[in-house]
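After this come two complexes, each holding chain A, first together with chain B and then together with chain C.
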Partner chain A sequence: MVKLLVDNIEVEVDEGKNLLQACLDNDIYIPNLCYIDGINRVSASCRLCFVDIEGVDQPVTSCTVRVEEGMVVKTDTPPVRRLQRTALQLLLSVHVVDCGHCPANKKCELQRIARFLKIGLKPKRLEQFLKEPGIDTDHPFLDYYPNRCVLCGRCVHVCRNSRERSFLAFARRGFDTIISFYGENEAPDLSCGDCFACVEICPVGALVPKEKEVP
Partner chain B sequence: MDTDIVAEDQAILDDIALRLSDFGRERGNLIPILQMIQQRHAYLSPGSIKMVAEYLEIPTCEVYGVATFYNQFRFHPPGKHHIKVCLGTACHVKGGDIILENFERKLGIKDGETTPDKEFSMERVACVGCCALAPVVVVDEDVNGHVAPSKVEGIVLGFQIEKERQEREKQENESG
Partner chain C sequence: MNPAKNEKPRKVFGSICQEAEARRNAFKEAPVPKIHIGMATCGIASGALETKKAFIEVLAERNIDARIHSVGCIGHCYAEPVVIIDNPGFPPIFYHQVTPGKAKMLVKSYLEKGDPLFEHVLGAMEENDLIPPVSDFPRFNLEKRVVMEKCGLIDPEDIYDYIAEGGYSALVKALELPPEEIVTEVKNSGLRGRGGAGFPTGKKWEFALEAGKQDKIVICNADEGDPGAYMDRTILESNPHQVIEGMAICAYAVGARKAFFYVRAEYPLAVKIVSKAIQQAKEIGLLGKGILGTQFDLEIEVFQGSGAFVCGEETALIQSIEGKRGMPQYRPPYPVQKGFMEQPTVINNVKTFASIPPILGNGAVWYRGIGTENSPGTAIFSVVGDVVHAGLVEIPMGVTLRTLIFDICGGVPNKREFKAVQIGGPSGGCLPPDFLDTPIDFDSLTGAGAMMGSGGMVVMDEDTCMVDVARYFLDFTQKESCGKCTFCRIGTRHLLNTLERLTKGEGREEDLEQLRVIGEDIKDGSLCGLGKTAPNPVITSLMYFRGEYEAHIREKRCPAGMCRPLTAYYIDLDRCARGCDACVGCCPVEAIFTTKNRKKGVDQSLCVKCGECMVACPTEYNAVIKVSPPDLAPVIERPVDD
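After this line comes the complex of A and B, so read on.
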């Protein structure tokens, strides 16, 4: 066990534990989207979990840090908040804000983090940039909404873990990046109908089970 | 016509199947294999992507993900005439995106696609090295400078007239 000081609160955690997980376990909330508990190689792609650590020049992503004895961590310094707000605004600039029609409304991580960081869901300083088409209906059991997706990669991870191979993957690059089912939606033994792990782990409402057609 | 296309696809797949044995089944060989297919057949067909996925035992969607990440891979067969619209800095400033849009509307295809009659294929490129002529379009080997929307019409019309002339000559030869 090691002791560390987070926001002037002393916490005791297992040695070598992930700093983000250690804080979350001790009820100290740090915004995060792409982190998955128990994963060996974190992607650190959402850029939301920044913290300041004493002795380190600049804020660092807490999901890539292992706890050490005597670490002094601050989760709410102005540089940290500035980075987090910018990262969230960048995510929101490619997000269609239509919460009233979104199944994730009120349980959406983006809403929660925006409230936590005290920023609006429609940041004015960035131009909105949406993908075409706004929905992918190729999958027999799922619908995918690229303009809701935050590209955290949780669905790809959970699919690979629960099914031995992934039926989802990232495709394309940059602003065009999407989650794709390419070639997998035709598989005759596709068992997505009994799984939906990807829908469950999605922090927003990007993956939605298809509504059953009324016979 | 349809049977021709099926036969063509099959020929491509047969060729790839022959060459795959040159590669080991490690994940690391994915890009070299895709490059080999692109080099021999100029594009990655859905069938060939599936075949590579089965050979390396990687999910098809992952192979597609890797292939779409890189600009060097194409997913449509090249047309008879290949149009490259430059969107480098100078051409961008001079409205290269408008020219691209003009071609897209005129041919009814998007960047990276091929017309259904396989006459034209189009892609956007970044700088062809003659920025003084911006905006630039390279059709097959010909460089067209200072392209305006009217010139786009002219380029496409030129090929259509040429094609009609050839067909007429062919008919005349057959009948005569």
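After this line comes the complex of A and C, so read on.
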């Protein structure tokens, strides 16, 4: 066990533990979207879980840090908040804010983080860019909404974990990056079944089970 | 590996050397002219294949015995196709822009009649009494060739050519030393990685060596994706063996038996030449099992990347070789801790590996004698854009930008003013004339807000719009972003959108602050080097050319007159010649009409601002005038009956 100081609170955690997880375990919330507990190599892609660590001159993502004895961590300094707010605003600037029609409403991580960072869901500072088309219905069991997706990659990971290779994959580049159903296959794979682990792990409402057709 | 066992390499190599020398002497001493033609991609693009064909044809036609020697690129792009003719009784002569017609003339006049055609000579390759040597010119004598020493002089497809010039002797020397000593020598040389970041190479190798007994991997990074940069391609096409030798020394030093050459598939000639070089090295026992009779094995595999810029980033590159999507990973662990398939992996740039044989051959002290204290050695730039002698230049570190651009490369052509130089590609910055006395080394360039990068350098004259340049680079980074992390994927999209609005005259006052703030956040917040540097072109141009941004926003004016929506063309009726129709025919949209007194006017509602009329207008009139903002153009009414 090692002791560290987070926001002036002393916490005791297992040595070598992931700092983000250590904070979450001790009820110290740090915004995050892409982090998955126990993963071998974290993705560190959502760029939200920044913290300040004494002796390090810039905010660092807490998911990529292992705890050390005597570490002094601050989760709410102005530089940390600045990066977190910008990251969230960037995500929201490409997000269709139509919570009333979204299945994730009220359990959506974006809503939670916006509330936590005290940011409106429709930030005025940035223009909005949306992708076309706004829905991909190619999959036999799922629909994908690129303008809800935060591209955290958790679905890709969980799918690969449950069957060794993923039926889901990142596709395209830059702003146009999306999650594709084709994965490593030629066509949406029917053998995917309907485990819906991807739907389960999605922090927003980007993957939605198709409504069963009523015969 | 026990170094005591490594006495054999020199003996085994001795017979290879004899073979190489015998071949070279046979070639050199043959009493016939030798024609060396630069056949790298740049030469071929300028017509070297046709030139070679012309030589072959006319030699056959005139029944002249001569040897044609295909060599790589000597770096003088402005002079392509380049031919060096070594005619017995004369010094070797460098000819520039040798078209097929010139090739035929050279054979008939020079080889047949002994007239070297002085008007086509650039210079002699050695001192003599007849022809001024090229070493009289700054483009040659201010260069210092370490990495490119043999480029353009040897046949890249013939390993013996390289060996005859001393090639692979550094590997032999290395094989006699214990690995630790090689690493120490590289450390002492102060060599810093030439792929951009300038990390000390010796230190990287030491980490790998210290990783213990497990198998290591060596990777040569030849992804080279910066727009306008082609140093690595040229080296691979001109002297692949120097890079392979460097990789072999590295593999021996750190304990690797497997290496990869990551070359982008868009470099087909480089892929071909490198593959052939590896094959040849294997055939004579310089690669493969039991190299030169030792117990050192090395397999080098060429991996063709599919040309994503981000795959040049080391962790993305490794993902790509592993068959995954090329997305950068969080570091640490660094590749040298856990790289390809979790094995410690040394990844270095082409130029870094190519620096190793000269360092080992001549010693660390010699290398430190070149360049500066903190950046020893040479830098290779592909200098392109608005510059007279464009091409590849290898200079000692510490030379100033002014010397490089004005003395070595001849400055800006067409009597234009120098405006800026973009260094370091899309991750670099644009420096204004005030910075021309900055020495070229890792730390000075970073200090100025630019970056050494891997060697792309674009010179820009007064007709360049800095807002548009920033837009161009952001368009590139946005398209090449892997899409993984929030700041890079979405942040660069916002920067690009704002820059696009500015170049269309739709900028707003608050845009400048927004560009800066978001730019800083992208730099601080991104996951990998691509995002961390992507805002640099915007941030530096905002810093050094702020007035230009303000003109776009406040006056809807593009000072360089390059942003089409902010410019207009009109015809000065005092200069326009009655009855002349030169501009009418070239206008693609029929925007030019004839006025009542048979002069010409531009219909602004139709004009697409291509500028063709300005080119077509005879110089004695020069009646077409370009203005910005567009409302400066006087209104000339189209006659009603037109």
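General remarks:
What we mean here is this: the second predicted complex is superposed on the first by the 203 of 215 C-alpha atoms of A that agree within 3 Å, B and C clash if a C-alpha of one lies under 4 Å from a C-alpha of the other, contacts with A are read in each partner's own complex, and residues count from 1 in each chain.
By our rule, a contact is a pair of C-beta atoms (placed from the backbone, for glycine too) under 8 Å apart; a residue touches a chain by one contact, two chains touch by 3 or more.
Owing to the predicted nature of the structure, the values given are computational and were not obtained by experimental measurement.
Looking at the shared chain after the overlay, A:Lys106 reaches neither chain B nor chain C. Within the superposed three-chain model, A:Phe129 lies in touch with chain C and out of touch with chain B [touch as defined at top]. Of the two partner chains placed by the overlay, only chain B lies in contact with A:Tyr182; chain C stays clear of it. Touching more residues of chain A than its counterpart among chain B and chain C is C.
With both structures placed on the common chain, the touch criterion links A:Arg173 to chain B and to chain C. In the overlay built on the shared chain, the residue A:Ser93 is in contact with chain C alone; chain B does not reach it.
By the touch criterion defined above, A:Arg165 reaches chain B but does not reach chain C. Residues 169-170, 172-173 of chain A lie at the contact with chain B in one complex and at the contact with chain C in the other. Interface of chain A with chain C (complex): residues 41-48, 50, 58-59, 61, 64, 79, 82-83, 86-87, 90-91, 93-94, 125-127, 129, 150-151, 153, 169-170, 172-177.
Note for the complex: chain C touches chain A at residues 308, 325, 327, 329-330, 478-487, 489-494, 497, 514, 518, 521, 524-527.
By the touch criterion given at the top, residues 46, 49-50, 53, 59-65, 68-69 of chain B touch chain A in their complex.
Interface residues of chain A, counted against chain B in their complex, comprise 165-173, 180-184.
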